[in-house]
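These notes concern the structure reproduced below.
For reference, chains read A, B, C and D in written order, and residue numbers begin at 1 within each chain.
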Amino acid sequence: MQIEILSKGEAEFHFIDPDDFREFVRDKKTRDWKDKLMDEKEAIKKFVKDGDYLAYDFSSLTRGPQSLIREVIRQRKKKLWICAKFTLLESALLAGGGCVEKIDVGFLGFGEYIARKVESGEVKVYDWSNGSITYRLLAGAMGIPFIPARDLLGTDTFKKSGALAIRDPFTNKPVALLPALNPDVALIHVQEADIYGNARVYGPTVATLETAMASKRVIISAERIVETIEFRKEPNMTIIPYYLVDAVVHAPFGAYPGGTQGYYEMDAEHYMKVSSIKTEEEMQKYLEEYVYSVDSHEEFLEKRVGMKKLKELVRKAEILEGFR
Amino acid sequence: MQIEILSKGEAEFHFIDPDDFREFVRDKKTRDWKDKLMDEKEAIKKFVKDGDYLAYDFSSLTRGPQSLIREVIRQRKKKLWICAKFTLLESALLAGGGCVEKIDVGFLGFGEYIARKVESGEVKVYDWSNGSITYRLLAGAMGIPFIPARDLLGTDTFKKSGALAIRDPFTNKPVALLPALNPDVALIHVQEADIYGNARVYGPTVATLETAMASKRVIISAERIVETIEFRKEPNMTIIPYYLVDAVVHAPFGAYPGGTQGYYEMDAEHYMKVSSIKTEEEMQKYLEEYVYSVDSHEEFLEKRVGMKKLKELVRKAEILEGFR
Amino acid sequence: MKEFTDTEFMICQAARLLEDNKTVFVGWGMPQVVALLAEKLYTPNITQIFEFGAVGPQSRLPFLRGTMGGPQNTYRSLQWCSMALAFSYAQAGYIDYGMLGAAQIDRYGNINSTMIGEDYEKPKKRFPGSGGGNEVASYCWKTIIVMSHEKRRFVERCDFITSPGHVIDGKSREELGLPRNTGPWRVITSKAMFDFDEKTKELRLIGVLKGFTVEEVVDDMGFKPKIADEVVELEPPTEEELRVLREEIDPYGLIIRKGRVIKLD
Amino acid sequence: MKEFTDTEFMICQAARLLEDNKTVFVGWGMPQVVALLAEKLYTPNITQIFEFGAVGPQSRLPFLRGTMGGPQNTYRSLQWCSMALAFSYAQAGYIDYGMLGAAQIDRYGNINSTMIGEDYEKPKKRFPGSGGGNEVASYCWKTIIVMSHEKRRFVERCDFITSPGHVIDGKSREELGLPRNTGPWRVITSKAMFDFDEKTKELRLIGVLKGFTVEEVVDDMGFKPKIADEVVELEPPTEEELRVLREEIDPYGLIIRKGRVIKLD
């Protein structure tokens, strides 16, 4: 008895055998209740290597792990393969920093700068879609080698992806098989975490849990570090249990220039500054000023953003309903 | 190109083509904001038919939809195929009422009465496992025809199930394919719902969401009916959006003789009474007294349980942390 | 004299198509403005679903680009959930409408939002890619495509098919495994509206914005579409629509001021 | 003289095997009591995971059967989640230990918890079935099986293999597609403990409860197991273990009073 393979995407894709992922989890992750608190510098140094497949969650606009992204650039990591499920500024900045070789897309905003990097072939794009990438992460999180889905079918996106189409043995209709995605490292910003890595987010959860479960290494940055008892009091709100997590970074304004619900709004002005970058020169100037020339997220906030601006962004975040 | 089918479970299984499920959802479910509040009698009459595949969530001990189950028995529904992912008293009572023909198992407690029904062949059992049934519901909820998983493989449970094993094209290792499960009707008890069907649960969520999404008809019973705004104030806590739901039943003590977190504890005495039923005579006597001879859940509470007992069970439910 | 941008026309025309008491999968930017306008004027009980995991928000006005996923945009949602769940609602058949933009479209409603050029490895121009567009086009019951009416955007075969129409390279959606009875339902451009021929599944002109002729519309396309027996005249934005759009929804003109200005007597 | 039930012995022996700062998938009844005892005496930082969706509870004592999933059992969990997620933690490799009971076991650690008899359609005796047992046995890194030591329970081939051991009908776990390097790790019975031979994967006697001999143990089995070069003497329950079990965890004796009474000098 056989199942027919109807077509096969032609692209290279990141894939780890679930057995290998499991053994990594067993041997390299810890279920120990140990204090994982460290700063951006230490976390990125310890857990991001050149050549890694890097995933991050949510967007430049909202609850993105921007202080961690800046640290990746500051440490001049190289040859990363990034997961741009849903991304705007980060990919451009990472490309500007020379950190990126390949991007799985998703939605690859913004704008002219990153488009030219792709058009010139400096950065190689692999086309997927937000749904298929998210489902791939879900499969990775579940420890299964693939997940079937009914998107991508028939399109050029399919052809340029790493998906398969088979004749489903239960319906006799074509269905796509999306290979599991297990990133080497995930960067995730949350509102609240404890020092062990228990974490919760308020607002849409995007792929926070799936990305954390599916990734070999997980760095959480959090607006606030709270006591473990806070999670135990409202267990339905916990999205990440500690044993998925390798490092916890206390990063107030960690999503800046984006916003974090319940804490501060996006800095629209700074956002425009980044999104209007077109030339290499502008990009390098920006990176020099805002990334390389400061030593830490705190210094960045202090010397490049300033208390007045931060206060203004906090002031604007008046909507707290649902976020606490 | 082909994928090898390695083995095939031999059992009949409930399966709906995702396209047929989708069309049912489009045509028979409503996205209308209409008042779906009705009593057990009307809900079961409208939405449970003889021969249906019936699923319910959580257990006889905790947050089970017992007032709805009793109404199914009271209306003497026949030839049901039930999903005993995780069940104790319900299956025995439904078998006692002559409602059940087939059971997908899961965990088939309790005890001597139901075991004899199975041993005698009156009730036909299909062996799965809690995990595989839950994953089947997840596939049904996602609108995909199957989900791959690494359980059941090699066992007699596999042989007696409806699963397939194939050689996974990504790892070249065997993997099980579990067919999606889309019940005809789901009975779900929650702590809070509004009249449209938005609902939330406190405590472990078991397969509440998956079961609701995967089922053609969904009857929610709720300890409390609350205003819609309550969901909008804490959207992270909403587990079921209104458009999954067909009927909302206001059922205080709806999980009795089990408990509902934050409301009341299990009635251990009544529970023992049911679980010690061994003979057909005892069963019919129980059903007569507690199901057939009362007309409604309210009458059952009033005449067969009594305010004193209810007060005692509420008194015992002192732990509220996490449940509000 | 009435003055409005073609973007405003597209937004209004799309908003008029939505049905009340339905679900709609809403993408970034223009679709969001369409949904807000519809909610304000025509479909107060429509439930918007956003891919990042917001179900049924009562978004705060005005629309601000940067609030996508933030507190204003997701205000008082019924549910905040995961992206996997949002897409699964659609895949399982719970989402009635979807709305998409397109850089190119072909005769069968296939959409390109990935790249222009003949060599995928060396694109002449690179766009953001599918985003959730492929899923919207694959899963939702009725997809509405909203796009500028330019000759180069209507092509016999998209340079790259990002999201599926009714027929791809000779194969029907159903043959390809896409959900039955789904697909592009209406295409709204800056001066016309199309549906798809029931039999051949080809793009069919059914409406033209007041002030334009069928010939003008068809001349401005890279292929000749089917033309309905009766082509209706599409109403320009009403005073009320424009007021709500300009004063309440998008006072900064982030979306509505884009595009060409149209003047009608 | 020390008096205890064989259930008490099994619970204590299993609790001593767990490691601190690990995760354990905990089933209904006895495994729950094992985990509670371990947490109290040996592994204060172990994280219990329950299939219905509770991660890391600090369960209230005493143990009550009916609280499975209720407020006492799931008190102050780190996370309340879905069953699909609980199993997925295990399938993805995050769960170190699993604990299972068994009606029958065979030479390779295959478990029957489904039915006794030769005809599946007409079982002589029907049990509850897998529950989550198949997943625990399939996914967790190390599975501990806890069962009464009776001749009829040790069989050459289970009447029905509910959950997988190391070799099924001649095929290894890995050949069958089960996760690599998993499988039954220890079998604890009412008078002995077994592991599995590294090479042949056969059940191997490694310990005998004080007061019993190797011969007594082996005579009471339906097949002859491998016997380790050195078979250790297993300590009966300590005073402290019994006190915690009887006074704090299970004062009503719902679990611990079951089974045969053993008296030792």
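The rule is simple: a contact is a pair of C-beta atoms (placed from the backbone, for glycine too) under 8 Å apart; a residue touches a chain by one contact, two chains touch by 3 or more.
The shown structure was predicted, so the numbers you read here are calculated from the model rather than taken from an experiment.
J.: Starting from the defined contact criterion, work out which chains touch subunit A and subunit D both, please.
T.: Both subunit A and subunit D are touched by B, going by the contact rule given at the top.
J.: Quick check for the class: compute each chain's Cα centroid; which one is farthest from the centroid of subunit D?
T.: Relative to subunit D, the chain with the farthest C-alpha centre is C.
J.: Can you check which chain pair, B-C or A-C, has more C-beta pairs in contact?
T.: A-C
J.: With centres defined as the mean C-alpha position, give me the subunit B-subunit C separation in Å.
T.: Taking the average C-alpha coordinate of subunit B and of subunit C, the gap between them is 40 Å.
J.: Give, as an integer number of Å, the spacing between the C-alpha centres of subunit B and subunit A.
T.: Roughly 37 Å separates the two chain centres.
J.: What whole-number Å value describes the gap between the mean CA coordinates of subunit C and subunit D?
T.: Taking the average C-alpha coordinate of subunit C and of subunit D, the gap between them is 57 Å.
J.: CA centre of subunit A versus CA centre of subunit C: separation in Å?
T.: It comes to 28 Å between the two C-alpha centres.
J.: Could you say which residues in subunit B touch two or more other chains, in rising order?
T.: 18-19, 142-144, 149-150, 168, 173, 175, 202-203, 205, 209, 232-233, 235-236, 321-322
J.: Which positions in subunit C are in touch with at least two other chains?
T.: Counting only residues that touch two or more other chains, subunit C contributes 54, 74, 76-77, 80-81, 91, 139, 179.
J.: Answer with line, ring, star, complete or other to describe the graph linking chains that touch.
T.: Topology of the interface graph: other, matching no listed pattern.
J.: Each pair of chains that touch: what are they?
T.: A-B, A-C, A-D, B-C, B-D
J.: Using the touch rule from the top, collect the residues of subunit C that touch subunit A in their complex.
T.: So the residues of subunit C touching subunit A come out as 50-54, 60, 64, 66-72, 74-77, 80-84, 87, 91, 110, 114, 120-135, 138-139, 158, 160-164, 168-169, 171, 173-179.
J.: Please give the residue numbers of subunit B that touch subunit C in the complex, ascending.
T.: 18-19, 21-26, 29-33, 140-144, 198, 209, 213-214, 228-229, 231-233, 235-236, 238, 241-244
J.: Within their complex, state which residues of subunit A touch subunit B.
T.: By the definition above, subunit A touches subunit B via 1-5, 8, 15, 17-19, 142-150, 164, 166, 168-171, 173, 175, 177, 179-180, 202-203, 205, 232-237, 321-322.
J.: Which residues of subunit D touch subunit A in their complex?
T.: 21-23, 45, 47, 54-56, 58, 74, 76-81, 85, 88-89, 91-94, 96, 139, 141, 179-181
J.: Which residues, counting only subunit A, touch subunit C once they are in their complex?
T.: Going through subunit A, the ones touching subunit C are 58-59, 61-63, 85-86, 105-109, 115, 118-119, 121, 125, 127-132, 134-135, 137-138, 149-157, 160, 165, 168, 173-176, 202-210, 258-259, 261-262, 265-266, 268, 271, 317, 319, 321-323.
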